[in-house]
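One chain, chain A, links the two complexes that follow: it is found with chain B in the first and with chain C in the second.
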Partner chain A sequence: MVIDFSFVWIAFKEILKAVPLTLILTFVPIVVGFLIGLAVALIRAHNIKFLSPIANFYVSFFRGTPAIMHIMVIYFGFPILLDYVIKKFNLPFQSNHVPIVVFVITALSLTAGSYLSEIIRSGISSVSKGQIEAAYTIGMNTFQVVKRIILPQALAQSVPNITNLIIGFLHTTSIAFLVSQKEITGAANIVASKNLKFLEAFIAAGIIYWAITLIIETIAYFLEKKAKSYSRSAF
Partner chain B sequence: MGKAFDPALIIEFIPMLVKYLGVTLEILCFSILFGTILGIIVALPKLFHVPIARQIVTVYISFIRGTPILIQLFLVYYGLPAFLSIWDIDITRMDALYFVIITYSLSHGAIFAEIFRSAIQAIDVGQTEAAYSVGMKPIQSFFRIVFPQAIRIAFPNMANSVIGSLKDTSLAFTIGVMDMMGRGETLIASTAHALEVYISLSIVYYVIVLLFEKVFSVSEKYLNRYHSQGISSI
Partner chain C sequence: MIDIVGLKKSFGHNEVLKGINIHVEKGEIISILGPSGSGKTTLLRCLNYLESPDEGEIIIDDVSINARKVNKKEVYQLRKKSAMVFQGYNLFQHKTALQNVMEGLVVVQKKSVSEAKEKALKVLQKVGLENKIDAYPSQLSGGQQQRVGIARALALNPEVILFDEPTSALDPELVGEVLAVIAKIAREGKTMIIVTHEMNFAREISNRIIFMDGGVVVEEGIPQQIFTEQKEERTKQFLKRMTPELDYSI
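On to the complex of A and B.
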């Protein structure tokens, strides 16, 4: 076996430049997805007519199909929709001016939204009803109950789930290279094809993903400790 | 971006894609089978605190959980032939399908190992002690007492990871496997109707995932048949 270790290092330095884009593709969809997830979770919790079945279908469909489909459908479908709107209103704009990264972020945000709505739902349902009733009896209003009682506990409960989701999304961003994004996998692919050293480039990419994952896990570990510091088990 | 959007094509493409469902399920079945065997082997050093082997296993699990399946796929696809060439074994002409099955088995092995380990460790030590006290041998205690309870805990997690990996099989086409996604790519090349193909594929995947979820929820009920609903167990 011939592994060119010096090339692994060269590739490593080259691929490292792609880390910021990967992190953007990981965290922007999660932040946007959190808002979508919150809205969807509230719609489902309050069982709003008409919206609730749509929300249910959205969550089930996006959790039931591979993320690559979301990226591809938006990548090919969004411009068609945009062109249609532009034609209708005669806007001075063209769909091919939209950078591809916007499509990827849109698609991943929708994916993240469906997963986060489930995480938020399970987080909220982990707060027992008795605590909410107790908060009302001492005269808190709904806003106070949500802010002081539900959210702190629900978020603390969700930390492990959200960590898993972030790591999952870090790994999902590797799909973006299929629509020619220069994130870690994309950069590795470019370095590899330029020098015809595929194994070395992907070893370097693997190490980078691994390192980022370990960093996220370490941060999450301390966060979880902090988030749960006040909650002691009843037994 | 090809031709105008034609919704009728979505229906037309579905039967063409479903023909290749077999390959997708083949990848899934074999990788789960080998992954389960590997998972059991990998879980052992951690359960019995075997030195050195335990550290190796920990690094293996951490690596698999720390890298995307796509990178693992490329590493096996490019790395395995190079690795085996040390012993003059030439597998460069091997069907890409086998590389996919190897990768997914390795990936499953790590994930299942963690699931098995945590499920077995979740069983109260008192159960084993009780089994010994009625005169069971360690083997009997494991297969009659610990295992049936552990499988109940492990099952929902395994079901989730099977569904996850069904969706992950859609990446096999990147190294040239002709599964549903690969067939979709060739359809796009020949018809230039990319959007319709991807929508059809999404529908097919969605239906299979729904079927799997249904089967798993029925099996879970069966596994939980001795546990009454009201009383929480363990």
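On to the complex of A and C.
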């Protein structure tokens, strides 16, 4: 068997159309997950009553189970829940009106949130206690200390870990093809099956994943440099 | 101006402050001496509520706090009356020297950025760092960092500046520059409470010296008296250990 390079190119062009969906499935959950992660990390760092145990459970559960499971549980479970609510309140709406992609994004956002909360938490713990005390002694309140002293440093510290997470997530979006999302892997699968050229299609998909990864890494490199410009290691 | 009355603080079963009474007049320079573990740091940290005392009163200027019935608002008010210079500098690592000094002026005192900057520049000049204003803490020597720390405290124009062993973390050759800055501020009439192990410095700069041991004030008096005619045996023993050069003069 030989590789049909011309088909790699054909597949490449076809799969390229799936890139926007892949980027949406990667970055929307990262952004939503960032907000979830930030809230969860702060709840845990300040050990807030009632919320803290819930936050602990959330992080433990979502980090302890694979993303594919989150997608499946929400894909199959959410409509049942939704139908129940719709019935109860007599809403003019059906659960099968909700696009599948919404379920996928919801699930991946929850996955991302659990990972990001741990990343942000480790960033927060990298800020020395002395700086926090100094901030209090100059008269700042807790909100100001968090916003002006803790988070800027915690987030700068988190950039490399967040980059790794984004790259991991880019690759994780491939499982969305199991619920028939036409993202890169899904698209590769379709082109491949139609033409019975699996190797070529997945080589093309691989090249695209790799290229996107390189772009993310390049952007992250500059961000990292900028974020940590205050620390000696950057000089 | 400052009154500390019956201040007590325990960590678990360890009573670290056993009823401290100290009165400080406006403009006074007080040095607190005492062996390790005597509660000096804890005392300073209680004055700005980095530690909550269990009992007693703290009065600074027009803010008066009773440890038994204190609320958050009072704590914030009290903290605005003092500023602290830490042994480990504790500068904000993500901010330049200038930004470190401006932070409290803008965020807490709500000054405009331009006003804060003007004030911060003036203070940084006073501590001799006018050519380091854009440096981050990681780019400064220990002595320079501590001078930023002093500038940050001074800029807030607090009623009192609290120093906790400001030179203990410094290389010996950098101690002088920091002590010189503290002495300069002292001459300008700022009220200061200084915990230090620099005996000569304390002797030269202070109006009054307080000797603490085991969570109580053992003895206090003018430097001349504390260093040459101690009333208490514990003070005598401590100073003998801390100033071995006295031995030679006997």
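As a convention for this text, the second predicted complex is superposed on the first by the 224 of 235 C-alpha atoms of A that agree within 3 Å, B and C clash if a C-alpha of one lies under 4 Å from a C-alpha of the other, contacts with A are read in each partner's own complex, and residues count from 1 in each chain.
One rule holds in what follows: a residue touches a chain if its C-beta (ideal position, glycine included) is under 8 Å from a C-beta of that chain, and two chains touch if they have at least 3 such contacts.
On a predicted model such as this, the values are computed, not experimentally measured, just so you know.
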{"item": "First (chain B), second (chain C), both or neither touched by A:131", "value": "second"}
{"item": "Partner touching more residues of chain A, whether chain B or chain C", "value": "B"}
{"item": "First, second, both or neither for A:45, with chain B first and chain C second", "value": "neither"}
{"item": "Which superposed partner A:152 touches (first chain B, second chain C, both, neither)", "value": "second"}
{"item": "Which of chain B and chain C A:19 touches, first, second, both or neither", "value": "neither"}
{"item": "Chain B versus chain C as contact partner of A:86, first or second or both or neither", "value": "neither"}
{"item": "Which of chain B and chain C A:175 touches, first, second, both or neither", "value": "first"}
{"item": "Set intersection of chain A contacts, chain C complex versus chain B complex", "value": "none"}
{"item": "Chain C partner contacts - residues on chain A that touch it in the complex", "value": "128, 130-131, 133-141, 144, 148-149, 152-153, 156, 229-232, 235"}
{"item": "Chain B to chain A touching residues, read off their complex", "value": "1, 5, 62-63, 65-72, 74-75, 78-79, 82-83, 85-86, 167-168, 170-171, 174, 181, 194-195, 198-199, 201-202, 205-206, 209-210, 213"}
{"item": "Footprint of chain B on chain A - complex, ascending", "value": "1-3, 60-61, 63-69, 72-73, 76-77, 79-80, 167, 170-175, 177-178, 185, 188, 198-199, 202-203, 205-206, 209-210, 213-214"}
{"item": "Complex contacts: residues of chain C adjacent to chain A", "value": "48, 50, 76, 79-80, 82-84, 86, 88-95, 103-104, 107-109, 136-139, 152-153, 156"}
